[in-house]
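Think of it as A, B, C, D and E in the order they're written, each chain with its own count starting at 1.
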Amino acid sequence: MLAISDPAAARTAQGDAANAALVDVRNVTLQYKTSSLLVTATDDVSFTVDQSDRFVLLGPSGCGKSTLLKAIGGYMKPTVGSIAVNGRPVSRPGADRMMVFQEFDQLLPWKTVLHNVMFPLLATRRLPRKEAEERARHYIDKVKLTRAVDSYPHTLSGGMKQRVAIARGMAMQPDVLLMDEPFAALDALTRRQMQDELLQLWDETRFTVIFVTHSIAEAIKISNRILLLSPHPGRVKAEVRNVDSIKADHAEAGALEKRIHDLLFSETIEEPGHVQR
Amino acid sequence: MLAISDPAAARTAQGDAANAALVDVRNVTLQYKTSSLLVTATDDVSFTVDQSDRFVLLGPSGCGKSTLLKAIGGYMKPTVGSIAVNGRPVSRPGADRMMVFQEFDQLLPWKTVLHNVMFPLLATRRLPRKEAEERARHYIDKVKLTRAVDSYPHTLSGGMKQRVAIARGMAMQPDVLLMDEPFAALDALTRRQMQDELLQLWDETRFTVIFVTHSIAEAIKISNRILLLSPHPGRVKAEVRNVDSIKADHAEAGALEKRIHDLLFSETIEEPGHVQR
Amino acid sequence: MSSVEFVMADEAGGGRGGHISQVERKLGAWELLWRVGAVRKTLIILVLAGAWQLYATYLNNPLLFPTLTDTLEALYRRTMDGTLPARMWTTLQILVSGYVIGTLLAAVLTVLAINTRIGTDFLETMTAMFNPLPAISLLPLALIWFGLGPASLVFVLIHSVLWAVALNTHTGFTSVSQTLRMVGANYGLRGLPYVTKILIPAAFPSILTGLKIGWAFAWRTLIAAELVFGVSSGQGGLGWFIFENRNLLRIPDVFAGLLTVIIIGLIVENVIFQTIERNTIARWGMKG
Amino acid sequence: MSSVEFVMADEAGGGRGGHISQVERKLGAWELLWRVGAVRKTLIILVLAGAWQLYATYLNNPLLFPTLTDTLEALYRRTMDGTLPARMWTTLQILVSGYVIGTLLAAVLTVLAINTRIGTDFLETMTAMFNPLPAISLLPLALIWFGLGPASLVFVLIHSVLWAVALNTHTGFTSVSQTLRMVGANYGLRGLPYVTKILIPAAFPSILTGLKIGWAFAWRTLIAAELVFGVSSGQGGLGWFIFENRNLLRIPDVFAGLLTVIIIGLIVENVIFQTIERNTIARWGMKG
Amino acid sequence: KTDISITRQPGILYLASHVMETQDLIEKHAAKAGLDGVTVEWRMFSGGGAQTDALLAGQVDVVNTGTGNLLLLWDRTNGNVKGITASSAQPALLVSVNPDIKSLEDFGADDRIAVPTVGVSTQAILLQMAAAEMFGEDQIRHFDPMTVQMGHPDALAALSNSQHEVRNHFSSPPFQYIALKNGAHQVASSRDIIGGPLTQATFFTTVSFADGNPVIVQAIRDATEEAIDFINEDIEGALQMYKDISGDQTPLEDLIGIMQQPHMMDFIMKPQGTMRFAEHLHKIGTLTKMPESWTDYYLPASADLDGN
């Protein structure tokens, strides 16, 4: 049962509390305008992410997960509803919300791996050059790309590119880390290593992360809260809380995985797509 | 134990047999020349794929799976060794080997979903326009994109794009279907549906497929043979055969998964990357 | 701590308003119109026109820079007496043939360049050599080869269009993503079908820019070339019209001629090129 | 059927030859050189030179089209007596300043265009209007504003460079992938830093093409414009040199002047632009 | 005003100005009239149009170019531009390499005559005047369809190329003599058409400049006079000055040979044939008003020149 049944009252009440919602997504509808069509990606989605949450968005392909993440990132404005981060409404992208995109072409092709990771640190003047390089090398080591540190992106494999993007996002140590299927292109071991790195990092710095993934097992492993979305247009189906309370127990995790799976795919999958023009 | 210990003799012997190797990769070393660097992606890899095999390439990120697939597709020439498909050496790409790429930008942005799927059928003059459209619609239905049939690629989500590419590859019904992590961007249910579609289609037409995946479970589910590659540069570690003999039994599948996992990641993962220039 | 908790959406607060009547709907006609930007562009043109009028009035040197109203008056007069339309027609005919041939040659050159290494070198070398050469340098050869007719003008036009279009097209081709190239190769496309079915649409933004620049330079060259080349009396085009009136110091008529060039430029840009753009790269999501 | 079978690689036949000594090695110097293509380009130039010589000899009309040897002789003579270097220097000075200013203005215009919608409309309208206009139309304004000095030449040059560069740059900017734009925005880059750190490198192939075309058209315009603005006390540039010698019927000298233009074009293309290209888009994998 | 700028075109028709430049004649005569420190900047332009633009823009003070330009500017500025003095009146010759063409009557519809500018150049106007004379006023444009526009060097090259469709050239010194030397023959001369010499080069300026700088205007007249005297006395020296300034490498003897052609020494300060020219231009509508006499478009100070 949701603790908060009246969101407005709750926000006011929590506003001065220490654990105020860091990200507050309220009745958000997101639409794309194409040259002659209006596509609704998500419809009336509300949720809050608290400080140090590891929040996972889970839903079928095309349900609007990437779109939601982009809206939190400030790349698109909700048609209806509001999004606030740290109490301030999101109006534009910013380095407080670092995004790891789903696409492979998110690296700057004109910079080496090292400089790609250093770039946001320098561009936002967060660190001087020397420290930035140090920090960048540290995270490149973490994603196991030490030897590719001076390579240009076009010489990397798909999974390597994504790992650079992950390193870049993590190195910024943002208020909120937004990750769109960052581990999808990774093999089992690398994936587990990355997950472990993420969790270990979280243990150290308790940052907040919003994470899109397709793997229910991955969601259970890394999250403490999971938001389940219905197919096109994406609507909130349910939220799973205290996911981390079962981390250790394998059987329980299996049961949870099955339960989420059933919940998510109870109805036959709706075909996402567009009305013909 | 490999049945063939002398490859040359074996090929001659099998040459006239009905189940001759469809794809014959022999001591293949693949290298990339960048502006000032030579990167070895795979080293001395040999394997054969028979008619109607569902052959999976499994290995850590950056070990050269995509590169191997590209070499079979005819997009790059081996530095050492030879690749033959249907007994003829591969010299250039061709529609007998349809490729589903790992990248999201493999759809033609100027064509709608329908026309993207129809395009190779028409370009290779395999079917007249009407039949091509029929076939395209059939496969678009199979990947659950019926409603997006008239959308342009840039309005699709990551997973939807990959499904269009899968439909396009399948619609061509090629001698060999080459798929590079086609399901990586898909959610659990869609992924399972796609896997099922692939298997069902295979039951119908017994085509040959070479498949790159990161998921050992997926490999076990869809393949009959799995090639395990070591990290950078990719070398053959082992081959798993008769994988389909255990399809039904879940416990056995779990055991196999664990065994493959251990085999693949027995050594600590080598960091793929390049020597500094 | 408490164990895993499920909160179903319909139990949760913030009820689904159902305020979205349709998941997808057509955009309104007005919204589409505003996007075309005709309104904003008209405004810019009006501002420029006003600036012209004011500056010319202030300058008060009609033999150097006439007012807009004088120019419009001349434009009207010379349109009504049939001179301008006739000159325009002559020019457009030559312009279009030179442009089309130049573009086709550029296509041939870039197809060669993209398919062979020596073709690339050839294109690069030729462009570097001939692109900077002024048209007059071609004059002697053009006169020998094509005589004094429009053929010589077309030749010079080709020279001006060819390199710009070829350069842009070639850059566009070489910037096509590796993946798309591989997709094209996968279908066994090679040579011309590969170029027309993969490279040209994929490189369309660059090609369109090349075509725009080529078009503009064809104009510039033609106007200039008509002065240099033999025009048989009375048959000249717009360039000749401008030159003739300049020689006669009928400056408002000169500017009427230039205004005609501008107007045609605006029409071509905003009707032809914009339409192409809207129906291609904008629709394909290739324009940011 | 039999159950799952594992075949380890070291048990299998086709032993690992270990014939790759290094996983990665530097490419040889020769291989790198051949890639530069200087050899192939020299060949093309030699072939063209041969064709020139043969055709001119066959034509045998030195007043119309001198042979290459005559031209080279004139080139040598006029270089030695200091005329050509001096003229070239005059021209290059103006050329470079006009080119640089034009490019900077193009940068300003495209930055405005990419950041505001009205800026886009402005750029599109101005380009459509002014790009086709021949330089002579600017003559009166240039005369009024800048007089007869080099400033007027620079003004006309700017006109010729600005629109081509702006058009290409703008197309390049608008074709930058949505993802890269979002990455830039993510780091809070806006306005100028966004343009310089994200858009310019990402659009570099298009920009480079624009710069090449702009360079070529600057040449063409300058050669033509030098005639219009005249010279005082023998200080003219290459354009005047060509005109002067043409008037004096020294045709080999005319072609020596044109050859100088070609040679400078080749040097700029193959030394400056190719170097830039090799160190940027080729290295970044942005060139197919 | 002491820093004045004067423009001219390249060519032997402007020989007087080369002498004036080399010998600083304007400076000298201004100083003699009490105006010290005058400096003259001589600018070279490729054609008349740019020169008139420069004059209108106030970027140059005095222009030395053709009669047509003066008449036109006088007309368009309502008399605010006027001549100072003429400086040459050499003949322009129509030459041909077509042996069938011996006089203007022999031209058929398919023949092509090269002129510097179709319709507006002196040569084109002369053809119109000839047509009016030969075929009547309504046939004034008889030759117009046959004219093609080519610069003198190009036309010369065309004549030397036997495949070229242009076989006739209404030329100008020195090109006409080179053509004659190369085997062309003379078909007509400006002198025949106009019935005497026609002023080729003339100095003109704006009335406001003339009013503000009477000393300089007078100095230009005096300098022209002295230059022409010098040319008549020492043609070799004058040609050497021309060679030095223009860089013309033609051997001095050849240039002297050219100057020895009939009427090539006609450096005449009196405006010659300009009223006939103006009459024609008015007839075809180029001039909107007909000058009463040549003094209308020459400065009052030049009224003593006794032109026509």
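Here is the rule we use: a residue touches a chain if its C-beta (ideal position, glycine included) is under 8 Å from a C-beta of that chain, and two chains touch if they have at least 3 such contacts.
Model, not experiment: these values are computed from the prediction.
*Asks:* If you check the contacts of subunit A and subunit B, which chains show up for both?
*Replies:* Per touch definition, common to subunit A and subunit B: C, D.
*Asks:* Strictly by the touch rule at the top, which chains does subunit A share as contacts with subunit C?
*Replies:* Shared contacts of subunit A and subunit C: B, D.
*Asks:* Could you work out how far the Cα centre of subunit A sits from that of subunit E, in whole Å?
*Replies:* So the centroids are 82 Å from each other.
*Asks:* Between subunit B and subunit C, what is the separation of their C-alpha centroids in Å?
*Replies:* About 44 Å separates the centre of subunit B from that of subunit C.
*Asks:* Give, as an integer number of Å, the spacing between the C-alpha centres of subunit E and subunit D.
*Replies:* Centre-to-centre distance between subunit D and subunit E: 42 Å.
*Asks:* Taking each residue of subunit D in turn, which ones touch at least two of the other chains?
*Replies:* 64, 140, 143-144, 178, 283, 285-286
*Asks:* Pull out every residue in subunit A that's touching 2 or more other chains.
*Replies:* Each of 34, 37, 39, 103, 105, 152, 154-155, 274-275, 277 in subunit A touches at least two other chains.
*Asks:* Would you pick out the residues of subunit E that each touch at least 2 other chains?
*Replies:* Answer for subunit E, listing residues that touch two or more other chains: 53, 57, 151, 157, 161.
*Asks:* Check the chains against each other and report every pair that touches.
*Replies:* Contacting pairs: A-B, A-C, A-D, B-C, B-D, C-D, C-E, D-E.
*Asks:* Tell me, which parts of subunit D touch subunit A in their complex?
*Replies:* So the residues of subunit D touching subunit A come out as 177, 179-180, 182-183, 185-190, 193, 197-198, 201-202, 204, 280, 283-286.
*Asks:* Taking the complex as given, what residues does subunit E use to touch subunit D?
*Replies:* 5, 7, 10-11, 41-47, 50-51, 53-54, 57, 59-60, 151-153, 156-157, 160-161, 178, 245-250
*Asks:* Contact residues on subunit D for subunit C in the complex?
*Replies:* So the residues of subunit D touching subunit C come out as 37, 40-41, 44-45, 48, 59, 64-65, 117-118, 120-122, 124-125, 127-137, 140-141, 143-144, 163-164, 167-168, 171, 173-176, 178, 181, 205-206, 208-209, 212-213, 215-217, 219-220, 223-224, 239, 242, 258, 261-262, 264-266, 268-270, 285-288.
*Asks:* Taking the complex as given, what residues does subunit B use to touch subunit D?
*Replies:* 1-2, 4-7, 26-27, 29, 33-40, 43-44, 46, 80, 154, 232-233, 235-243, 245-246, 256, 259, 263, 274-275, 277
*Asks:* Using the touch rule from the top, collect the residues of subunit C that touch subunit A in their complex.
*Replies:* It comes out as residues 1-9, 11-14, 16-20, 22-27, 32, 178, 278, 282-283, 285.
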